[in-house]
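Each of the next two complexes has subunit A plus one other chain: subunit B in the first, subunit C in the second.
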Partner chain A sequence: MSEAKIIDARDTFCPGPLMELISYMKRANVGDELELLSTDKGSVNDVPEWIAKVGHELISSEQVGNVWHIKVRKTK
Partner chain B sequence: MARKIYIVCVSGTREKLQMAAMIASVAAATGDEVCVFFSMNALLYFVKGQSPDAPVEGSFGTLLEQDGGVPPFKQLFKYAAELGDAKLLPCSMAIDLLRVSTDQLDPELGPPTGLTKFLSEAEGAQMLTF
Partner chain C sequence: MKILVVGGGTAGTIVANNLARRLTAETRSGKVHLTMLSASDRHMYQPGLLYVAFGQMTPDQLYRDQASLLEPTIDFYVDPVKKFMLDKNQVMTEGGKIHNYDILVIATGSRIVPDETPGLTEGAEFFYTEESAVKLYKRLREFQGGRVAVAIGVPHKCPVAPVELMFSLHDYFKARGIRDKVHLKYYYPIGRIHTIEAVAKWAKPEFDSLGIEYETLFNIKEVDAKNKIVKSEEGIDVEYDLLIVVPQHRGMEVIERDNLGEGGWIPTDRHSLAMKGHDNVYVVGDTTNLPVSKTGSAAHFQAEVLAENIASIVKIGAPVRDYDGKIYCFIEAGRDRATYSMFDYETPPDLKPPSKPMHWFKLSYNQMYWTSVRGLL
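Moving on, here comes the complex of A and B:
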């Protein structure tokens, strides 16, 4: 299993982190893992909401300091 | 089930364009059918060579302007088109008044559209105006 691709969207505001994630997701292959780094508090709810709606997989979501690390897998 | 969200942008102020672009980009990227109709002052920013710096309405607009972490509204509209297939349509009347041709508009914009066609396509949609 390859390591997750890190998408550093720290210090950008809504909807920047989500748009960054979606941009990378479009170019990723099925099965790829992406880890979004965000300081935007809305991301912690918005990203899982988007993942659930479009049908990808949320692997984990954790806060380290003031940064949210949201790891997802492209499933289709 | 995908929603149908139609947005009318007429204001040329930063706050309104930013909010419209935020909704358009998130809705389109989430699978909703999104169509944005640009007319009046809002269309000016999509004419090639025009400054993208929209004037602010109030203090919050200044915050948007000064913080480098806020995605510019033009970039968000572009995301809406590229990531979510949103339609970005220039108002045909506004184009006529500005005396510009379609090749003088940003490439993300679709064909000049009249209100009759826009309203016909908007049937059943949520309509938001900025």
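Moving on, here comes the complex of A and C:
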């Protein structure tokens, strides 16, 4: 498995971390891992909510300092 | 020193004009040569397309001759780049000419790619080109009632356009006396009705009071034009009578073809605006991969910083400023009210209540843009 592609969406209000993730997800291949970096604590909830609704896979979510690292896999 | 600006949109034009003024003595003495390459001899005020879609502007009002906007010390060619040869500090144009540079500014912008969503071109209207905005206006004019669905592709230029569109639709149908016959519904990609939290908090009660319905977590997967159904990645099917979309965007083809950036977005340092891995190549406006709005406002503020830095590099050998993520966006809240959103990397947007004076300011800015893009404002 290749390394997760990092999406640096720290310190951004528009288009915002989830919108950045959706944008990258559209270009990713099935099976690709993406790691979203966000300083928006709302990402902890809104990213898993979208991932679950679409049916992608949430691999992990952890806070390091003031940055949330949310790793997902494209499944379809 | 040869400075080459590729792209004659908002970002490229402001960079070039700003540089020309800062480096007047250097260009006159021949120490600095400023060149711009663009795909068009015309410059479009793109925010005006929304007004065209509602019959408030005509397309001819959106354009100026590009050459008329540029300082006379800028060598301007309508000859877009066919190939970037960054290892040689050269570009080759569609016309076959080679341009050498010491500093390169890439401002090629973005494009809509409706064909990447199955059925979208056949089944939906949009307003991000002159032709499509006029077509949408004609569709709206003949529309007598039914279900209007508005859905949003990702990524897209001008993130406030979707809410502006909804307010404009409401006011347009109300003015025609058929608002009660129109079911207006808005479908948005993330879990609230706008990506900027302050805009979402403001727009939600406004939508509620105007009878504009909404559904969130809706990303367009495909359109069944024959049966008039738009389907989402999240598994929702929506029937419509008129579908209006903000289409998905990409960067320009040459950027992808030359492997400068995935999706046509070039990896860019968020403060210096330098292309990652290249000290003498800078990126501004929509072309960057920065997590900031793809808007004329971001292009404007980035261009000012970059021009000041390049001029300083010429004069003292070092840049003097960082781009701080600054963006200022007008938000039209219908035909006679507007507000604005201002923020940067550190400061979240703080929305003010919409007002008529702010709408008048926006209407004024529609004309002031031509001063702005000349680098005067």
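Please note the rule applied: the second predicted complex is superposed on the first by the 74 of 76 C-alpha atoms of A that agree within 3 Å, B and C clash if a C-alpha of one lies under 4 Å from a C-alpha of the other, contacts with A are read in each partner's own complex, and residues count from 1 in each chain.
One rule holds for everything that comes next: a residue touches a chain if its C-beta (ideal position, glycine included) is under 8 Å from a C-beta of that chain, and two chains touch if they have at least 3 such contacts.
Since we're looking at a predicted model, the values are computed, not measured.
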Exercise for review: For A:R27, select first, second, both or neither according to whether it touches subunit B, subunit C, the two together, or no partner.
Suggested key: second
Practice item. Mind working out whether A:K53 is in touch with subunit B, subunit C, both or neither, as first, second, both or neither? Key: both
Exercise for review: State whether A:M19 touches subunit B only (first), subunit C only (second), both chains, or neither.
Suggested key: both
Point to revise | Touching partner for A:D8 - first (subunit B), second (subunit C), both, neither | key: second
Revision key, fill the gap. Max touched-residue count on subunit A (subunit B vs subunit C) belongs to chain C
Practice item. Please identify the positions on subunit A that touch both subunit B and subunit C, taking each partner from its own complex. Key: 11-16, 18-19, 22-23, 26, 46, 50, 53-54
Exercise for review: Show which residues of subunit C lie in contact with subunit A when the two form their complex.
Suggested key: 154-155, 159, 189-191, 195-197, 217, 219, 233-235, 248, 262-263, 291-293, 325, 327, 341, 343, 345-346, 348-349
Review point. Residues of subunit B touching subunit A in their complex?
Key: 22, 25-26, 29-31, 67-71, 76, 79, 83
Exercise for review: Spell out the part of subunit A that touches subunit C in their complex, as residue ranges.
Suggested key: 8-20, 22-23, 26-27, 42, 46, 49-50, 53-55
Check your understanding: Mind pulling up the subunit A residues that touch subunit B in the complex?
Key -> 11-16, 18-19, 22-23, 26, 46, 50, 53-54
